[in-house]
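The block underneath contains the structure these notes are about, expressed in structure tokens.
Chain naming follows the written order as A, B and C, and within any one chain the residues start at number 1.
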């Protein structure tokens, strides 16, 4: 029989994960990814909120509707010359009184390369299965819930919204390009058509999925040398025990599924 | 954001035109904008022959090139008749703003004197209040409006017809006529200086605020 | 039946682990097992606790004494360790067994031939001499096996957290004659054990090795060789 037993029912497990997830450091990443044919640099921050916990013997914790709120800054460069037709101002002639007709030459416009910065925030929900993982590393016992498999994350509505945000972000940048006015709507349409929803999904997936697939939720962490009482005076030093073994599983006891953590100790 | 309207710094959508009324040889240089007081070399030439007997004014074009950080012209020597007009322009993408500087005082794009002109094709909508950066009172307004295309045919009309129509502003006796013009994005305004004191056509947003008697000169000691 | 029953959290510690905790406490803080007057324990250290001598008229520096306790071995209901017939381990109780050594410094006193000075009767003459406590001259000791039964008290630890202490209800020493002497010694050790074990306050956190949070609603109580608690997160 294990020497120490601690157990949580599903209600208790829900509260444990509420706190464990809320206490996690904010998630973040930066790098570059493919946004359709463009390469976009990005930085992203994300936070998780617990969903509903279902304990499944022997060692699975299922979180239904785990929510990931994320905020993304991305920017990509675009050579307008590659998407807009060549445009030349025609020869312009004016009649100057007492002088005659003066004409300017045809002047062709160079479409510049522009950088489009986009800021966008959204969230997604997913149901994830996590497995209990126990480790003793560097004198620390840890019990974590680790994602079992990458869930199928749905990006459809988010991709559409981000594509619209790209269009909205492109507009003021384009407006600063001389002679773009008459081509503005065309330019935005072309940009969005080139990237398309598939491009946005292809960009978001590799960035956001790791936040879920790499999720490790700490359920228990204690030093193997466990302090029972701290030192309180020079003649009352601290009192320690050693946690020799830690185990964790999900058990079905009576009518309840319970998260059970056990330990053996020595003086 | 606004278009850079400044005859002192010629760009790809600008032209400078000068009429030569007297026969002679006029040496000049093409320099980076605002450096006309530095370089004394005048390697290029306008050779003006006697006027044609009953000739109309003939326009000659000189293309300005920019390569390896230096300007050159094509042709280096232009032969014209008195009364003809020479128009300089730069078709090179990425060229620095430049100015045309002649030996004679009347012959300079940064100070427009007599029988000369400056044209600018406007690429961005907005209100452009221009005045003379060299201090005279001549000024005016160009209102640029973006076209609203309901269909492709309107776009084609703009591209093939509207853009070909230029607008003329005559400057004489310190006044612009008309003082205010309205155009569509992409169109060109030609400023023709009949007689001037050496003026520029400069967007007032590019200029520092005008000095008043109360504003001390920079570096002046306080009384 | 589930572990948590109607609550959200359950925690239990088996008597084996409880004894490990007690061993750890008394090993790291041995002074809670050794108490003595200045001739035996000149000053309190990690290893021993200094106590005043027993003052008695005519005994300079008082009667010097020392009590040494062994680490108690605790048995939680249901009973595993046999008890003397005078003690019964009831549901919800613990029993404990430990060795105790009592020592006295039985020194011969020198009778002062001079008459006592008037007004000195009853005056305390156990003041320490300027040379420190009396050296030990004739230490006389006895060892006893002590059994006790008791219950848990829910207390606060010095850290301010919830804790348990072992409260002694009765003590039995086997085979001291006459019975009245046994009763006196049992009384002495009853008070000593109550006081010592009241100082051993084990945080509930330690009883569950730091796992989860638990605000007790049921317990801590003794059942099935364990201390059990149920409550909320």
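Heads up, the rule we're going with is that a residue touches a chain if its C-beta (ideal position, glycine included) is under 8 Å from a C-beta of that chain, and two chains touch if they have at least 3 such contacts.
Values in this document were obtained by computation on a predicted structure and should not be read as measured data.
Between chain B and chain C, the least number of touch steps comes to 2.
Of all the chains shown, the one with its CA centroid nearest the global CA centroid is A. Inter-chain spacing, taken between the CA centroids of chain B and chain C, is 105 Å. Once the centre of each chain is set as its mean CA position, chain A and chain C turn out to be 58 Å apart.
Each chain gets a centre from the mean of its Cα atoms; for chain A and chain B, those two points are 54 Å apart.
Across the complex, chain A meets chain C through its residues 1-9, 11-12, 15-16, 220, 222, 226, 228-230, 232, 234-241, 243, 246, 251, 253-256, 258, 260-261, 263-267. On chain A, the positions that touch chain B within their shared complex are 89-97, 99-105, 107-110, 175-182.
If you check the complex, the residues on chain B that touch chain A are 1, 3, 12-13, 15, 17, 19, 56-57, 59, 61, 85, 87, 89, 91, 93-94, 115, 117, 119, 121, 123-125, 146-147, 149, 155, 158-160, 163-168, 170, 185-188, 190, 192. In the complex of the two chains, the chain C residues touching chain A come out as 1-4, 7-14, 16-17, 20-21, 23-25, 27-29, 31, 44-46, 157-159, 201-203, 206-212, 214, 232-233.
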